[in-house]
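Here's a structure for you.
The first chain written gets the first letter, and so on, giving A, B, C, D, E, F, G and H; residue counts start at 1 in each chain.
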Amino acid sequence: MNNMNTEDFKDIGFAKLDTGRKLRRGFSEAVFCECKTKDQLIQIFRTFKDSGQNVLGTRANKEQADAVQKEIEEVKYNEISRTLTLIQKPIKKEGEIAICTGGTGDIPVAEEAAVTAEFYGSRVKKYYDIGIAGIHRLFAKMEDIKKANVIIAVAGMEGALGGVIAGMTDIPVIAVPTSIGYGTSFKGLSALLTMLNSCAEGMTVVNIDNGFNAGYSANLINRKISGVN
Amino acid sequence: MNNMNTEDFKDIGFAKLDTGRKLRRGFSEAVFCECKTKDQLIQIFRTFKDSGQNVLGTRANKEQADAVQKEIEEVKYNEISRTLTLIQKPIKKEGEIAICTGGTGDIPVAEEAAVTAEFYGSRVKKYYDIGIAGIHRLFAKMEDIKKANVIIAVAGMEGALGGVIAGMTDIPVIAVPTSIGYGTSFKGLSALLTMLNSCAEGMTVVNIDNGFNAGYSANLINRKISGVN
Amino acid sequence: MNNMNTEDFKDIGFAKLDTGRKLRRGFSEAVFCECKTKDQLIQIFRTFKDSGQNVLGTRANKEQADAVQKEIEEVKYNEISRTLTLIQKPIKKEGEIAICTGGTGDIPVAEEAAVTAEFYGSRVKKYYDIGIAGIHRLFAKMEDIKKANVIIAVAGMEGALGGVIAGMTDIPVIAVPTSIGYGTSFKGLSALLTMLNSCAEGMTVVNIDNGFNAGYSANLINRKISGVN
Amino acid sequence: MNNMNTEDFKDIGFAKLDTGRKLRRGFSEAVFCECKTKDQLIQIFRTFKDSGQNVLGTRANKEQADAVQKEIEEVKYNEISRTLTLIQKPIKKEGEIAICTGGTGDIPVAEEAAVTAEFYGSRVKKYYDIGIAGIHRLFAKMEDIKKANVIIAVAGMEGALGGVIAGMTDIPVIAVPTSIGYGTSFKGLSALLTMLNSCAEGMTVVNIDNGFNAGYSANLINRKISGVN
Amino acid sequence: MNNMNTEDFKDIGFAKLDTGRKLRRGFSEAVFCECKTKDQLIQIFRTFKDSGQNVLGTRANKEQADAVQKEIEEVKYNEISRTLTLIQKPIKKEGEIAICTGGTGDIPVAEEAAVTAEFYGSRVKKYYDIGIAGIHRLFAKMEDIKKANVIIAVAGMEGALGGVIAGMTDIPVIAVPTSIGYGTSFKGLSALLTMLNSCAEGMTVVNIDNGFNAGYSANLINRKISGVN
Amino acid sequence: MNNMNTEDFKDIGFAKLDTGRKLRRGFSEAVFCECKTKDQLIQIFRTFKDSGQNVLGTRANKEQADAVQKEIEEVKYNEISRTLTLIQKPIKKEGEIAICTGGTGDIPVAEEAAVTAEFYGSRVKKYYDIGIAGIHRLFAKMEDIKKANVIIAVAGMEGALGGVIAGMTDIPVIAVPTSIGYGTSFKGLSALLTMLNSCAEGMTVVNIDNGFNAGYSANLINRKISGVN
Amino acid sequence: MNNMNTEDFKDIGFAKLDTGRKLRRGFSEAVFCECKTKDQLIQIFRTFKDSGQNVLGTRANKEQADAVQKEIEEVKYNEISRTLTLIQKPIKKEGEIAICTGGTGDIPVAEEAAVTAEFYGSRVKKYYDIGIAGIHRLFAKMEDIKKANVIIAVAGMEGALGGVIAGMTDIPVIAVPTSIGYGTSFKGLSALLTMLNSCAEGMTVVNIDNGFNAGYSANLINRKISGVN
Amino acid sequence: MNNMNTEDFKDIGFAKLDTGRKLRRGFSEAVFCECKTKDQLIQIFRTFKDSGQNVLGTRANKEQADAVQKEIEEVKYNEISRTLTLIQKPIKKEGEIAICTGGTGDIPVAEEAAVTAEFYGSRVKKYYDIGIAGIHRLFAKMEDIKKANVIIAVAGMEGALGGVIAGMTDIPVIAVPTSIGYGTSFKGLSALLTMLNSCAEGMTVVNIDNGFNAGYSANLINRKISGVN
């Protein structure tokens, strides 16, 4: 562990910002906004602003976004994906990631994945509302989807989309269960279990509604396949 | 309730056999063997034997079967479906039920459904191991499947088979989750949730591994569609 | 799969509307409104309006309904069943479906089933608040209920209604658990489990509060029994 | 708490036998045999033998029974209820408890309740296999059942028996879920939830398969109603 | 079942009021208000008003209470127990029920039990905030508590109160888990499990927060012990 | 039990205040505010005010705090930890407890632990936002953390912080899972399970979000190690 | 979907072998042995033997292995990974996958992943028993681990290994929860939840004990990064 | 982290033995035997034998014990606690830990705690079968129990023992839920929840049946209080 520099972060009291992260892990930090106060977010974004780095905030609500943007106007807010982005260094997008959803309700999670993948340097193509209840819609898009290096399959309710796709390709699939549904969907648990139990190998899974990690992981793989990381 | 005859059963102490059932509900009784002793089963089958009625025993293990067959040799045992049948009156099979499975491990449950549906008077066709991990296998059989009046879809693990079929037809689908799988399949719970949350309407669900109720319910519908009940 | 036309839908960006569905599956499309924005719903209903087809929207709240009705005034909203309907081609109702509830709290789900079954072409009769806590109420109606081709039993809390009914008839029963109850009802889970574990065969189950699928599935069966599909 | 004598038990090392219990709580001690070694059971039964008291052992398997009976031959074993009883003082039975089961598989739990209630001084009548799948069997017995002071309803699977009974009487009902069933019965959980969520008030519930506590509690109530405790 | 009069209820469309219930089950009807509209409640209370009977409404919120009281001013509302009562025939209270709570947060459920028990004709004494975290508070009251015919133990969080009480008496105990707590209390599930698994026999359990059924069941037992039912 | 004085509390009707507690258990009482009305809280704090004792209120919201402070102005409210404190006797702080959090979202729970530990007489040092996603932040602080007598590790989501710390020291670790997270964090259940299953021995666990008990338990241990209790 | 050949499998009755799979998905078929009879396995392996293809069998027990090997002696059995392999065409291994385990109990699952990855054409390095209870063991190996294209982290109990690794690299991590543990490990559920909730992005998850899918997915990614698929 | 020596373990292939642990964490290593083969255990114990260190093996079954003892005869096996101990350096026992159980079934877990605490250097006193069903047994022992520095409370079923004890002392309590019970005890889950939700502060909890961690943690605290670590 000779390259672990234990001093390699910025201590701002309530938080230890991982400023050495780009060096250590290759990518800028992302900030999980959900449980942070507006003042904490402003302080965090200002710190990154001052350091000249890019930063991505996820799960930010409108009120948080307004507060941050009022103080640091370069920050962009995407209301569908609920992301805050501060881009101070240009991002070059590589390769291709296909992001598919089962229904329209899954779009916010898919957009979080898309914003994340693009922020970290991947090209993204979107295929929305192609779930298995009308499977011909998926088949109509399949040839295009198979041009990607990685596929992200976002689905709630029964969550079978990813398994059907994985069964037709040799491309790595990352499945994201969403909390869309009611009754026994148990806020995404049903979709999660479907994905974990899929008979179609080559698919791995992330947490319910975790578009961010899906986009991040897909980006890691896509960039390595594209030969840039 | 003028036609409910409260004396309409045979009391043999530990059990009250529903001998009036064929009159009241239209079909002979089935016996759930799992929690019964060998002596109880022998006494039950003998009672039906003596009454000249048909009877179906489900979830009978080999040992129970041997004991019953030793006493009442007309009883047939099917080791895959774990059913005991005593046929004393001929059964005329009507219409058609398609029974599909996702994998080979689902076959015992499918066979229980098949034996049940045939016992109660339905014709059955079987389509095994056509799960969505290799979806072309399902498509190859789909035209044949659509000739049935009712479809039974039996699947464990992710349990997506029924939803894909329901999305392609206007035939009633009865989905049976099986306990096949491991880890987060939670003994069929994952498949059950998938089926309950399916976006493809027209599909209803029965208990995990309950091939009997699937066969029974499909038979009810099939016979009514065929105009015989 | 020679009759699967993969181009058979209308792509409006965020959604792929299944306009070929009536041909393929025999019935018009239904729209799950819960997770859609008002703008998305308006665009979807306008597309169907323009195509001259009927369409049914489920789980629409008052606000969504107002927005859609303001733009397309032919759309009807039913506040109890939370359904939006646009009827442009006359619907002929066939056969008969009996819809029963355990209590008054189950009525909204029962109404969703009723609206759906009627939209797709079934005649419906309603028997509300006849749960087993006062079982004489059920018995008083049983003879009438048995005139239907299919019975829908809607119940929350202990959810035993369907099993009692199924035990007295040879008519297919579709049970709908509702989220009515508190404590260990676990938002409908208790009723769902009761229904799945019923000893009375001939009953199948749908997702908690899923009146839509109950009505849809009952309609499929009722129309086939009536000889019209 | 002036009547709590903290020295009021017999310390035999691994166990503290509640020899003062009959005085304090009015009834002799029962021994839960399931997790005890054969040597521990022998020592416990011998202690009670020597003290001249009655004692009841529950959940004893055949092997444990053999070991105890070999040493203390007055001990009786009931293989169905899995109870060991040592009766050294005569028991006078009072009042009446009705014990009902849904199916034959529930009989062992019902028998444990019966043995317990009789051990503690209640008269018992048994009504087995009268579950709601053939509800006319229950109705045929209802007038007799209503002669009891307390009703115990034992049922697995959907577990609806107790609620139907409670809905027809003003007699206290104690419901016992059993682990009979498969799939989503989840070893009695389904029946337990049904019972807890029953709309028919006047019914209370005990642990899954806990015939002992049902018999004990019913006895407490029955004897007080009979005016003997 | 010669005394089941299947016409013995009043059909007001959305509800079938059990007006024959007092005859059949011995006690007036109670109305579960939670899922009913204000108009439905008014109609129900007016029907009972007109029939001259007493009626109890449970789980009524302030808004519902206001609406009913505006129309039928004799109806009383208790904001803590959330009960509506219309008393048109005098109630004579018999015997004694002790109602205990673990903490102050459990009081609303205890009050629902108290109002119910009194409505149906039992005398009630209350012992609040005597949970086991300071067990001397319980001991100080134990002698008084033991004067009752039935004990109701209401507790959330760990829910151990009932078991400790049951271990010290031969009086029937009815335990009510409450949803008080946080984290792993899982809205009363922890307390429920504690109660179901109690080693102290003689205690039975009702649904989480179900003060009504506890009061109702305790009243049944208390009145029979008092020799009045 | 010769030193249990069963009269040793103050009965104020809805509550029995444990005024003898400091004598019996060594520490002043804490009041769980969450389920109490404002009037109840005022009455409780006034009782302690009048008795001259210190008292700590936990899980108090702003509205409750305002109401209490308006009546008893010496009471202090900490909005982050949601605690109310009334200090009438000076508190001497002993030893040292290290309180660590995985992220910034865990701070409110950590603060509740800190306020509690200090209220009962421990010195506290805080190490926030040192979770394992950037494990070098933890290592940078580890030498300081190891100076404490007890370590409290507060973490949501995956909750691995405590196990990593426990694996590097011989200091007792108390782990507090928090409800921070989403999807399969199941409101802290994921973190709780991680902590309970930790391979690093020497760590014990408290309820989700229970900073109070963590602080209380750590204080007990710290003071005994410091030789003051 | 012009390249989906629906005839592209071999129908052997109980199974439809996906012989066209190598063409369609790029890799040979794997056979899930767990629920298959010995006769079925023999027939399947013989079919592949005759076709000259490679085939991998997973979750085969010793008895199944003996039966298959007796008939087709070229089949190799690995008792630790429980895999059957028939290699008829040489496999060229590319790139590098690092497979890590938390403890020794996780080795069988890790071995299944290793055998799978090698069967499909990846080079594998193993790092066993480096879990976080003694985190210095992990750090000692970290530089080596980081040479891989993909990391597989296999862990039971608390399952924190993958998150710690992911926090230190920019290499894609696939986490495999195992059923190792007891009590609240709930057969791998605890480890699964830890992995899904990890704060360290870049890690995705497979089903409990699913070494096969981990190896398969890692191979897909590794080979694409290596530029060979 | 200057004192983390990453080379500080012995790599024996399948395992990395933490031979530097006594230095780093202050105590010898313990070996979790459950998932290890006999050969692995022999190799591990021999390594420790050769190093002259003490070692403790937990959850070893009889067969494993026989195999290890045959090779290294100094190893002792305790069949109740299922522990293997190799003592090569004398252990000096300090302070005092009280270990209590609710029933006799909890003794094996209590014994694991006792063996562990003694192995690591604590004096232990045992108080078995003093659960709350007969609470006078606990009170009779309470004065003795309070002489300890730490209390371990081991209980299954309802698991209330620890909370009652914690409510009467200011001594740290470590609660161990056991899997003793049936039905809704859910293999210790009920007892675990009771303990986590206890209103009696000062108690912390370990995994179900984890006597080892209870003994280890109690020892850490006891020795620090005794001033020896």
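Methods note: a contact is a pair of C-beta atoms (placed from the backbone, for glycine too) under 8 Å apart; a residue touches a chain by one contact, two chains touch by 3 or more.
Note that the structure is a prediction, hence the values are computed from the model and not measured.
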Query raised in the report: Taking each chain's centre as the mean of its Cα atoms, which chain lies farthest from subunit E?
Result: G
Query raised in the report: How would the subunit F/subunit H interface be labelled, same or different, where same requires over half of its residue numbers to be shared?
Result: same
Query - Centroid-based (C-alpha) most distant chain relative to subunit D - result: A
**Report entry** Euclidean distance of C-alpha centroids - subunit A vs subunit G, Å
**Finding:** 26
Query raised in the report: Once you find the CA centre of subunit C and the CA centre of subunit F, what distance in Å lies between them?
Result: 51
Report task. Could you please state the distance in Å, as a whole number, between where the Cα atoms of subunit B are centred and where those of subunit G are centred? Result -> 36
Query - Multi-chain contact sites of subunit B, meaning residues that touch two or more partners - result: 1, 4, 6, 24, 32, 103, 134, 139-140, 167-168, 183-185, 189, 192, 196-197, 199, 207-208
Requested in this report: Using the touch definition up top, name the residues of subunit F that touch subunit H in the complex.
Outcome: 1-2, 4, 24-27, 30, 32, 139-140, 142-143, 149, 167-172, 174, 192, 196-197, 199, 201-208, 212-213, 216-217, 220-221, 224-225, 227, 229
Requested in this report: Within their complex, state which residues of subunit B touch subunit G.
Outcome: 103-105, 107, 128-130, 134, 136-137, 139-140, 180, 182-185
Query raised in the report: Mind pulling up the subunit B residues that touch subunit A in the complex?
Result: 102-103, 131-135, 157-160, 163-164, 167-168, 181, 183-186, 189-191, 193-200
Report summary line: Contacts from subunit D onto subunit H in the complex sit at residues 4-9, 13-16, 18, 20-21, 24, 32, 34-36, 40, 59, 177, 179, 187-189, 192, 207-210
